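What follows is a set of structures for review.
You will see chain A twice below: alongside chain B first, and alongside chain C after that.
Right, the complex of A and B next:
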């Protein structure tokens, strides 16, 4: 508004009071922003993990994952956050599993952990060798999206692996090319490079001469077996059967992964939720104190407005409007800070708590941001309501005289 | 016309209730210039506030143009104040976050759109109080006397039928005192009813009626 003019609505008093008391406005908005930021980051985490769980576990494609005994936890970490690791067991396990009643398909995988050394590899990545003959997770996607199987030097990369289609990737001295990229899942798959088992074997052989530190995978050994069941709802029962019949293995079910993720998420939320609530309560108390003080300071000003012709309702709208705008502005700043902080620490949070994460859809993100701002504005109005009500119960004469007769 | 019928008001204090006005009755006719005098605590400010609806009497009635102020809703009473009354207080009564011009125009904010006055009128009022070109300044940039002049300009903006002035010249320099005194006289000549509480004996000379108060009772009516 042009300086010196006058607005159409008395509600513009709200803007003048906020804009021309910048110190107070910024201090209150910051208190609200702190609580809103933590709340927003917590909401994003919860929703992002749940979305990743929903999409990621569906994309895993196997009912069971059989790994060497003692490797279940490491496998869980690899599945959820893509932390590179390697462990091996005898390849004969595949046939023994396939022979079990109720097993529809069993496909071996070999895990390779690459090194972050320019002499060896493009970076420290998690490589998964799959068997194109028996695979039922990657191969069908390849045939549908790429229209052909992977060539001997082709790799399929997870969504977070840097590089464009056709770009080279070097592992243990062997150069591969990116043939295709998977859609994001929010799980370890996003950090994984997939290649045919034969390519892994060839890379292993070549590493003896090409790599500074050769890759050592025992002949005929594998890392895991993906199992598809005829009746997926019997996963827990089949997992027990496999561990009974085949010694030295551990079995992970989709339910195990989900439960472990929910446990980690609960652990994180046990930290975030009380912090957010505590900060929200603190912001509420600060706001109540501030409005209490401000209302006392502004008692004469409020009495004056009433004398000039403002009704109690209009005066309340001005004061509560100030609180609402302050709260919403603080909420908005908190939402922005929440995005920034979460963006910066997302990876650290994911790895510390072994959590999958997929950003919620833009509509959900907007909804959360609006909800946080509305909550902050509501909290501010609630905090201001008590002191404002007290001062408005004063007759204008008493308010003009600072609360005295 | 303002009618006060057996109006009483007392305030609670630590030592019990103190009677500010006791069963006071008087009628202020349109166009009167009523000056209220009396010692501090005699009930002058209370009488002004009761007459203008800023304070509710414990007992008795306050009528303006035949209507009991306390039969009206808060919204109606507020709008009546906005439309018909102008206030000048003893203290510098400006809103600190508004410019001088915005302060003068403030009553507009509480009026229905069609009844609002123009920015030009506000600038004319500033000229009348001797502060032309001060519209863009903030209250803290003005002296106490200048702030009081702005408050008078605001009180007169909507050409009120009633002006309530509580110690309008207290703590002011002689020039500002004269400006305010002249403006109140001009408004009175225009037909405005003025009720003024003061300790200033010179202002008593402006009165068409002089009411003396002591301990909440009328002790002089001339």
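Right, the complex of A and C next:
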């Protein structure tokens, strides 16, 4: 581009016009930034929750999750945000479920929560014991990624658990080693430690002498049964059948988890969307007022520009260019602030609303940021269009006389 | 009132407000109290959680930031130096929960959900406010010299 050419002069003119009243420019840009920031954070939340839900439910791999009656809500929280919990039911439930027609596989899991008293310092972790013989969620991943089953003192950790592969982890006095780390899912699995059922049994026995407080899991009891169906589309029907045939259990389907997450997300969006819309409307009104004032203040200048040969289109371009630059700058500031504040508080939002979350890919994040900036610039141009159109309708000599005939 | 004084007064008020927000937020939310302030050790003894000390340090720095804001509002003689102290206090607020007195290790504890992100946000704003103050004061200080040069011409 030739320096000093039309685009350069145009941008310089826009820039100097905006700097005439820096306080006013900053105030309007801040209003745009507020609306853009909330819009950007809302879009990131929605996209991140959708991504986590898609990856997390696929990684879970089970069509149904059978838990003791009354434990469904706690299980949902554990599945979504990894909040530790422990409850037990008789282990015979696995065989009864496996015997039902339409069940392809059923695998037991035992849930253990680490000591609440040491919560702050070591992290209160959610331990899940799985049966390597029947498991169809963790075991296939292990064989593919690690190439071997877990040893008696090996654990598989979720993506957010602190420590490197090979690092020791001590639970109830028994020391384990991190064998591998799962890919991020954005769901509770990221906060979970997986270990074979045999290791849970050994840890329980050893806790009587090694732990501050012994771990008590009734003999032969389990916490949940993961169920894979021959026909996954019949999940709701099979859930009803299981609760009818086996008393004292509750069944969670993938659809139940998705629906509950969407309900929580709707609750959050009910707060964010009206706020963003209200702020966008306020920013629009401020922009319209600003350009009404600018048009009135610069009426003579615009008239002179027209009189020395500038076309209405060129004059409009300068004024609307100012609006677009102001909107885009406010949008950019809002995107940066929204990203920073959302990044700081995203975990608090996740826990408050029980939402899964996985950052969208960089390309999607960039796309959202560009879209928000473009929207802010578009809104600013629209808000400025009416006053600019009014001033350009005046004859140059009327404009030179301040709009008077 | 000169431009420098107006600039300083606004920035002083901003710093004062941010310091007050740090102190009030820490006192009112008191996230560490939600978790009981104490952890039970393997020996059965109770010890204060790390975030108890983080919270106290944040309270102290918040108070200091308030004083800096007051001085910035009232006294303009050492404006740039005071702005630099505000920047240093902001940076101190940033490093306290991250390195100096880290909050609890468990990311799900209340201190990590609200105290730490809140302090990082306020620390960042105080740092930016201080930097903006320093730059503005430098410009405002330069302005009379420019005017003198203009009048000499």
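By our rule, the second predicted complex is superposed on the first by the 380 of 405 C-alpha atoms of A that agree within 3 Å, B and C clash if a C-alpha of one lies under 4 Å from a C-alpha of the other, contacts with A are read in each partner's own complex, and residues count from 1 in each chain.
Keep this in mind: a residue touches a chain if its C-beta (ideal position, glycine included) is under 8 Å from a C-beta of that chain, and two chains touch if they have at least 3 such contacts.
From a predicted model like this one, the values you see are computed outputs, not experimental measurements.
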Which of chain B and chain C A:307 touches, first, second, both or neither: first
Chain touching more of chain A, residue-wise (chain B, chain C): B
Touched partner set for A:341, first chain B, second chain C, both or neither: second
Residue numbers on chain A that touch chain C, as the complex places them: 81-83, 117-124, 160, 162, 191, 212, 340-341, 344-345, 347-348, 351
Residues on chain A engaged by chain B in the complex (per definition of touch): 3-10, 12-13, 16-17, 19-21, 300-301, 303-314, 395-398, 400-401, 405
Residues of chain B touching chain A in the complex: 11, 13, 18, 20, 45-46, 49, 52, 54-56, 74-75, 78-79, 81-83, 87, 89, 91, 93, 95-99, 101-102, 105-111, 113, 119, 122, 135-136, 138, 154
Partner chain A, residues of chain C touching it in the complex: 35, 39-42, 44, 49-51, 104-109, 111-114, 117-118, 120-121, 124
